[in-house]
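These notes are about the structure you will find just below.
First chain written, first letter: the chains are A, B, C and D, and each begins at residue 1.
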Amino acid sequence: MNIKELYKNIILDHGTSPRNRFRLQNFNHETIGSNPLCGDKVHIFFNVIDDLIDQISFVGEGCAICIASSSVMTEVLQNKSKKEVVAISKYFINVIINKNHTFPNFLEQDNKTKLDSFMSIGEFPTRIKCATLPWIAIESELEKKSK
Amino acid sequence: MNIKELYKNIILDHGTSPRNRFRLQNFNHETIGSNPLCGDKVHIFFNVIDDLIDQISFVGEGCAICIASSSVMTEVLQNKSKKEVVAISKYFINVIINKNHTFPNFLEQDNKTKLDSFMSIGEFPTRIKCATLPWIAIESELEKKSK
Amino acid sequence: MIKNIKEEFPIFKNKINGKDLVYLDSANSSQKPQSVIDAVSFFYSNEFANVGRGIYTLAVNASDKYEKTRSNLKKFIGASSDCEIIFTKNATESLNLVASCFGEKFIEKNDEIILTETEHHANYVPWDFLRKRKGAIIKFLPIDEDGNLKVDELEKLISNKTKIISITHMSNVTGAITPLEKIIEIAKKNNIPVCVDGTQGAAHLDIDIKKMNCDFYAFSGHKMYGPTGVGLLAIKYKWLEAFDPFMGGGGMIDYVTKKNIAYARGVWKMEAGTMPTAEVVALNESINFINKIGKKNIIEHEKKLTQIALEKLRSNNSVRIIAKPKNQGGVFSFNINNIHSHDVSTILDQEGIAVRGGHHCCQVLHEVLKINSSVRVSFGVYNNESDIDALCDGIKKCQKIFKK
Amino acid sequence: MIKNIKEEFPIFKNKINGKDLVYLDSANSSQKPQSVIDAVSFFYSNEFANVGRGIYTLAVNASDKYEKTRSNLKKFIGASSDCEIIFTKNATESLNLVASCFGEKFIEKNDEIILTETEHHANYVPWDFLRKRKGAIIKFLPIDEDGNLKVDELEKLISNKTKIISITHMSNVTGAITPLEKIIEIAKKNNIPVCVDGTQGAAHLDIDIKKMNCDFYAFSGHKMYGPTGVGLLAIKYKWLEAFDPFMGGGGMIDYVTKKNIAYARGVWKMEAGTMPTAEVVALNESINFINKIGKKNIIEHEKKLTQIALEKLRSNNSVRIIAKPKNQGGVFSFNINNIHSHDVSTILDQEGIAVRGGHHCCQVLHEVLKINSSVRVSFGVYNNESDIDALCDGIKKCQKIFKK
């Protein structure tokens, strides 16, 4: 596995120039994901209107992979329903861990490409958590609220 | 080193039929020596009159070497002065650990023989404590009182 | 399979005082098979790194191996998903951890702790700390004259102040196997958590933690053909959640500021500092070794040896076996009339026979049995009938030397 | 002598990701020389027995070897006769022992403990337990912007409530060597005991405990070319006498009855249960290894490498070394502009270079320095200039990959 595979253009782009890295003015959900071992920490804000994510953003510190994953997440989850968020999250984690490609049919091709660019992280076991951190945080927030 | 060297006649005799194993009626000193590791424990009683040990006895539980050493001690220290007790004790410990034979000139030949029969214990390092236990106890009792 | 197993243990190639080594002290610590010894060397020579911290290749692989031992241990003891395994330095630390963390949160003045008269000091002294520090009360489940626990008296000992029961899986002196099912059933009926000192059980008895349904199970690597320096504690997850950490340091924190410290969750909370990495990695080979032979075969082998030895020793009128438990593993203790256990041990040593004399860290038990000390014989997979013959000859030698 | 020392470490015969291993993480744990690895194997293969309990030949010899390490360690650190060494499982346990035993007896509500901003979590979390449990107050001796402790401010921090000062011998992040003489002089003037976290000192700095005159000195075997699973605590005998035991179990008792328990004296009181026997025995070879090369040569070698590395790295404009201590050992940390330490670590790993990214268990220090994490480089005897060249090339690779 070439190291350049890991730091692909999309990851490098989002990792060093992340999108939506600010605190939302209005939000009705927030959640924090952190990895004490390495110090990665992201704080995610999102606003749900009529079961759809209207706005979503994040702030935080972390490695390029964690920041890129958070940034890509905020783009991909725009206008998705809670159910879709969970499905996409499962897809993303599956892509990395099991290289499983059966993707949710509502997922747009360009978003799928963004997510798939994280695939090679599966080859770097200690970095998997960096990528999944924001996704696990948002999943657990949604599960909590639906209980 | 033959094991029979260790369990010589004197040690075996005193170890299985110890002398002076009872609690004195009158005593002005007592001291306890114990080895938590193996459970050996001897309680020594003695009565000092005009700086001389008038009577001395012991009770306790332990291996043949510890019991023999206590028994021999009660015989050897009879009528000895405090100073002589310390000198004999040092001699005994030296016999075992350093095989050092320069003996106090006041020590009777038959008592010396008894003490010297413990010499081969030096070859069995874990058993040295069994033999020195009562001697160290009486030494520390005398040191305490003379402070 | 067990027949040639001695060959896998390099120590038996050595002579002790010119004689073949007859090792009858496995309850103290077991000898190590070549595969375990090699695993330590291999790890240091080719794969060493500290676990859990670095993200470079060596560190990742070391962490994987470390965690692999943990998951294999879970299988080995039949842990269900609500049970975790913490690595400690020995069974003693595991028991101290339970007593300290449980005591800190759940023991108040006059609360009661139930132990038994057969406990090793490792399962008494840590509870005594709570007696001294918190004013707790310790009650001892008694034994009968044969060395069997009087389980029928347990309910009488239990009160609404009883906070925990901590008992050994097998006595390291008499070999009595504790009727855990009965005891735990009574405890659970009364809603009392149970800690099992499994130090003698791990390599010698059937273990099915799930069925057993205990809350804690403590054991040591070095008594199960593994390296020294590593102990284990199986612990129900709910207790892991409830407890504060036992020690503080690197690896067990969530975040640290000058004002406050938050702890990591799960097993990490209890594994502070650099762990016995090589030891944990090599312990996996001990599990493999035991599994290869099969627990069932081991139990059978050791029981059989014990029965043979007891029979032979009983035919010697000067030998008194100190207990006669109903259900006995591969351990028993005895005395020879008028010869102290340490004299026996020294004389046997001259014949290459390693047995332990003394109270075996069970002073209460010896007090109850009204003896000062005893000679212990304990078997491992590598023992065979010729070891028993050597023991019998050695005992005769003791008697000869002590016959005036 | 140091020139060919790498050959004594078998791990360097392996390839990491197809490259020669460049190990720059000795502050985390050091690699092991063949002599130490062999000592473990030899002990298990020929001499293994549990120490301190049996009186048969194997057990006696094992105990002798165990105690030999203790006496050699005393020489190694220049301990005087009023100082003992306790074996623990790691430096973390040593520090927990001090905090717990000292705290139990001598810390009351509002009493003050002085640490520094550079402490490893192992020398902060155990004291935080006392803050939580006893209402103690922790004060931090600050550092200046270069990472030097502001020793001049120590007297201001001291009050009549100050009960203990606990400080590191060397920062495991910046490599800053603590001016212990000054600090301990001030402490002693005020009658305050001093605990030194010597984990980074043991294998890398001059140690003369007697001259240093500290009350406690904690360190770890695995960071001094020794096995995992064994830690050390040098402790003044008067504290050993004053403290209650840290853990309870076999080997640390004087006698035990159902009503009461009396503790053994001396080091035994603190060594409960089966100790890391093989590890302690093998640790003797680590001391021999260090002595063979000579502490003076080691210090010189590691200082030189550090200076060379710092010079080379400073010539790279994108690299920021996070501190600039006056007196520096073989450790430093840095960041590359706009690249996170973990990304650096992962990319370097592909080149066979082992460095650690993160906060290195020093979150307070990183907070004070206003950085989230850093990449740490730490040297051992086996490093040489070509390792530094590899590091510089690796850093350039990081920059290339991150240049869009």
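Rule of thumb we're sticking to: a residue touches a chain if its C-beta (ideal position, glycine included) is under 8 Å from a C-beta of that chain, and two chains touch if they have at least 3 such contacts.
None of the values given here were measured: they were computed from a predicted structure.
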| item | value |
| --- | --- |
| Between B-C and B-D, the pair joined by more C-beta contacts | B-C |
| Distance between the centres, which are taken as Cα means, of subunit D and subunit B, whole angstrom | 47 |
| Centroid spacing, where centroids are CA-atom means, of subunit A and subunit B in whole angstrom | 80 |
| Inter-centroid spacing, subunit D versus subunit A (mean Cα positions, whole Å) | 38 |
| Contacts with two or more other chains, residues of subunit D listed in rising order | 53, 55, 59, 253, 255, 342, 346, 357-358, 363 |
| Contacts with two or more other chains, residues of subunit B listed in rising order | 37-38, 126-127 |
| All pairs of touching chains, each written as two labels joined by a dash | A-C, A-D, B-C, B-D, C-D |
| Subunit C residues within the subunit A interface of the complex | 52-53, 55, 59-60, 64, 253-255, 264 |
| In the complex, subunit D residues that touch subunit A | 338-343, 346-347, 350, 357-359, 363, 366, 372-373, 401-402, 404 |
| Contact set on subunit B toward subunit D in their complex | 34, 36-38, 125-127 |
| Contact set on subunit C toward subunit D in their complex | 10-11, 14, 16-17, 21, 25, 28-29, 31-32, 34, 36-38, 40-41, 44-50, 53-59, 88-93, 95-96, 120-122, 124-126, 128-129, 138, 140, 220, 222, 227-231, 245, 247-253, 255-258, 261, 272-279, 342, 345-346, 348-349, 353-358, 361, 363-364, 367 |
| For the subunit B and subunit C complex, residues of the former touching the latter | 3-4, 6-7, 9, 12-13, 15-16, 37-40, 61-65, 67, 124, 126-127, 130 |
